[in-house]
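First chain written, first letter: the chains are A, B and C, and each begins at residue 1.
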Amino acid sequence: MVNHPIPSEVARRLQKPKAGHAAIGGDLIGPVTIVLALLIGIALFFLAQRFIYGLGAVTNINNGYPWGIWVVWDVVIATGFACGGYAMALMCYVLNKGEFHHLVRPALTASLFGYSLGGLSVLLDLGRYWNFWHILWPGYAQPGSVMFEVAACISCYILVLWIEFSPAFLEHFGFKNLKAKLSKVMFAFIGLGVLLPTMHQSSLGSLLVVFGYQIHPLWQTPLLPLLFLLTAVCMGFAVVILEATLAAVGFKRDIHDELPMLSKIGKIIMGIIVAYLVIRIGDLVVRGAIFTVFTSGIKSVMFLIEMAVFIYPVVVLSKPSNRKQLSKLLAAAMSMLTGAVLYRIDAFLVAYDTGPGWHYFPSAPEMMVTIGVASIEVLAYIIFVRKFPVLPGHPTSSTAAE
Amino acid sequence: MTITRRNFLRSAAGGTAAAAACATLAPSSAQARDTKPIPENAVGLLYDATLCIGCKACMSACKEVNNLPPENNVGENLWDTPLELSGYTYNIIKIYQNGTMEHKDKAENGFAHIKRSCLHCGDPSCVSACPTSAMTKDGNTGIVGYNKDACIGCRYCVAACPFGVPQFQYDTPTPQIAKCQLCRHRMPEGKYAACAESCPTGATIFGTYKALSEEIDRRKAMTPGQPNLFPRRTPESGDTHEKAAAEYVDHVYGQKEVGGTQVRYLSGVAFDKLALPVGLPDRSYAADSETLQHSLYGGMVLPGVALAGLVAAAWRGSRDHRDEDDQDIFDQHGGQK
Amino acid sequence: MYDDTEISREIANRFNLERRDFLKFCAAMAATMGLPKGAEAEIATAITAKERPSVIWLHFQECTGCTESMLRAEHPTIEKLILEIISLDYHETLFAAAGHQVEAAREAAMKKNWGKYVLVVEGAIPIKDNGIYCKIGGKTALELVKECAEGAAAVIAIGSCASWGGMPSTPPNPTGSTGVPEILAPKPVVTIPGCPPNPYNFLSTVVHFLTFGALPAIDDKGRPKFAYSRLIHENCERRAHFDAGRFALEFGDEGHRKGYCLYKLGCKGPETYANCPAILFNDVGSGSWPVGTGHPCIGCTEKHIGFEKPIHALAELQNQRPPLGYARVVEEQGAGASIGAIATVAAVGGLAIGAGAKLVGNLGKSENDQDSGKQG
């Protein structure tokens, strides 16, 4: 195949999935990966302290704030970032939007690592982690608990993700027959792969319902599962834009072919955020909590910032010409993700108040562990993308130098 | 049938609206889970802050029978000085002080004490929240117990409790949750809560929920300033002492809060001044949470329906696609065979 | 400053004391009253230089315990000092004379020092049936006290009986025993309650009056604040046991032998104001006070508690000055943001925002370049 860049006009009109994925090759060791490795090393040091001396030796969590950023970021927010696979599976395999096909693999790769690390992060945060299997074991598991449902669902989903990826390994190790059989039933796993995140991403919001008055009225609502679900789906779409852009810029690739798909995703994001804002603010009005928007101190400030970073993408993406520019799409996507991140941090930490006298702010070592876990994901993604055919592209034209 | 974007968005909007309607209307449907009542044979405590002199005999006794170490918060390590309930303190007496602190059990220019320990709710948030059945409520006595062998240390109970009772031990690699269990481990020997047993003034007494309810009514009927007999240890112990009745705040804490608790408080100072959460609903938060879960996942009906639809759509999509490699999400050859 | 040699000779002559011992006494007086540094010098000057004030000491319904307590003050030759600091012009117990002779002596002394003498009253005064239940020399106690108080520069009621009725006033109080302040109201009366009170409380008050020409600060019941402003409970050496919940349950049990708190046995320390645990009794060292010997305080200084409330009834806590480390209803807990944490957040946040902005900017620039046709 000749390495001619196809005119973007022609590509757009074709509306057909471009053939193939390709490993992008290149040196694994570079400034970015070295920095990531260093961050991971620092995190491992603090994790050793955590396991030898206890959670209090590294984190600032206390009995007024028993959940800190290891729960809120590493599990709740990170799995939200990992919803790219969910969003793309929904578009491509359920709604049959074939043109998004080539965005599926990179999104699923990120989801695979995002969810697996989210599951690992749970183990790092559990106080009695050696009993972790109780949560899925009959006799111990308590189905009335929202956390049980979240854990069961996420465990299943991680399994489904690995199954969805297994054909590659099956092929690599020569299990062609098994791979063929699996391919025939893959659609069932795809269906599960859309149901399960719908369940657990909404339940991550339901976790807060039992906290009752301890969550400020600006965030506490029976609609928490719906709001968390909407933002999670939206995060999935926004993350696809982010990943596509970062991959293009980071690995110096052409993004023109993907731009039309990203434009459509931009419109979807706008629609979801509008629905979210209508429901969110409508709910505040119906419950009468809207009157506390300006009278709640730091909570008011955080709420308004949250709203601002949600409204900005709607404004940007409402103009069709903006949706054709990658810079604007990226800005909108990043703003949306910031909004979703803030929503989760606010709902779990800022809005949580168990009584006077309690304070929490993550410690530096605590944050270094979170940064390290995120670095693992980024590093793994980079390795995978360099070594395996994940990103869209011609198989023989590995664009980066080998 | 192809699904256009318009159709998708319409149906998505309709679907989410339906889901939202279900979620919000569910509590009023027949599926709604009601707040669980206090069990018939429930036992509990009555703590009367007007009798409490802040001697902390109850704290000492609790630490002794539960083999808990003393805590040191003043740097002298001379005796037990916890400032809050903690991983090593199941029961604490705290002091309220205002102004000149002259008048006992008065909010202004007065002082008062309050005992903080597990309230053994009728419908506990911790029991609902615990994913591994480490927190359980005894069906007979209603005591909310903790089993460290089941616990995974997720601290959902710590976050969920409206009264801030369960405490986690952050300073050890093998932590567990700490909270009062009404000395249930002493009950086979015929003993009862050590705090009630040791209280010199009868501020804390242990008994059946019914007997304590009667005692509460008796105290509320007293005329402030008139001498009365107050029992020590249990309502029927016969070990009484005489004291002038105090002026109580017209509220029994724990009578209705989140569906009622088996440990109740009487006080001369308003409970919000004693840093207790007030204005709690009569309906338990566990009921709210479980109603939501049942509405969405009860019998796995809704998930089952959704799964059927999704799998059908995925199957139809797999038949429509011409490229083989679309189902190989991870195809080594990039679609070229 | 005063002339050392003068004083030394004066002290040696008058009191037959070494100067050092005398100054020790003055320092002890100053310390008991909580006076600032240097006061002992003033006291020394006053005692040696000023004229000894006349003191009329009346006895009514009493056991003479207060006088006995005074005489037990054990500093070297203190009885001498007492008798030399003041001019005791009437005292039923100590005087050799009796009968009309001693009454005449009293009236003469009163007349001679009219307006300048200190009246000390020991014992309660019965008022029922016109006070016939206590008579001296044909006069009722009621009449006597009023008569003697008229020309007094200061009136001091020593002991609980004189302060508020004491033991004789135990319900049903058949003779109507009453304290001096109630009888002489509205005339100010200093009261030194206790059964008996520590002699130094009385002595310090007199020395204060002598030195400064005024009585020490007193509370609303006339009690000198330096001795009666704190609860026994606040200075008790067994307080730590109370705070830790360690109580003696019966006399002689393990807790009692270990010296645990006596609250459950009825100790009235939490509702009694006095300085017993601070200055003790009889100058024989620590433990020489009721609680120290293992008996609960009976609240002998307090009206309606001493001799009225049953000894083993539980005390009501008066006010709480809890020890350091007593948990308050709201305690600040948990770590806020440390410098390192804030720096990390700032670094990460700044990096993310900066990189994002740069990326968007670069993309925007390349889009502009594209649009202007530089790439095709």
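We take it that a contact is a pair of C-beta atoms (placed from the backbone, for glycine too) under 8 Å apart; a residue touches a chain by one contact, two chains touch by 3 or more.
Small disclaimer: the values here were computed from a predicted structure and weren't measured.
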item: Remotest chain, subunit A as reference, centres from CA atoms; value: C
item: Pair of chains ranked first by number of touching C-beta pairs; value: A-B
item: Whole-Å separation of chain centres (CA-atom averages), subunit B against subunit C; value: 48
item: Whole-Å gap separating subunit A and subunit C, where each centre is the average of the chain's CA atoms; value: 71
item: Whole-Å separation of chain centres (CA-atom averages), subunit A against subunit B; value: 33
item: Sites on subunit B at which at least two other chains make contact; value: 84, 275
item: Junction residues of subunit A, two or more chains touched; value: 62-64, 355-357
item: Multi-partner residues of subunit C (each touching 2 or more other chains); value: 330-331, 333
item: Residues of subunit B that touch subunit C when the two form their complex; value: 53-61, 73-74, 78-84, 92-97, 100-102, 104, 111, 114, 198, 200-201, 241-243, 273-275
item: Touching residues (chain side subunit C, partner subunit A) in the complex; value: 330-338, 340-341, 343-345, 348, 356, 359-364, 367
item: In the complex with subunit B, residue positions of subunit C that touch it; value: 240, 242-247, 261, 263-264, 270, 313-314, 316-322, 324-331, 333
item: Contacting residues of subunit B [partner subunit A, same complex]; value: 2-3, 5, 8-9, 13, 16, 19-20, 23-24, 27, 84-87, 125, 128-133, 148-156, 158-160, 162, 164, 167-176, 258, 275, 277, 279-281, 285-286, 288-290, 292-293, 296-297, 303, 306-307, 310-318, 320-321, 323, 325-336
item: Residues on subunit A engaged by subunit B in the complex (per definition of touch); value: 17, 19-22, 51-57, 59, 61-64, 66-67, 92-96, 98, 101, 104-105, 108, 125-129, 131-132, 134-135, 139-142, 144-149, 151, 164-169, 171-172, 179, 183, 186-188, 190-192, 194-195, 198-199, 202-203, 206-207, 209-214, 222-223, 225-226, 230, 264, 271, 275, 279, 352, 354-357, 388-390, 393-395
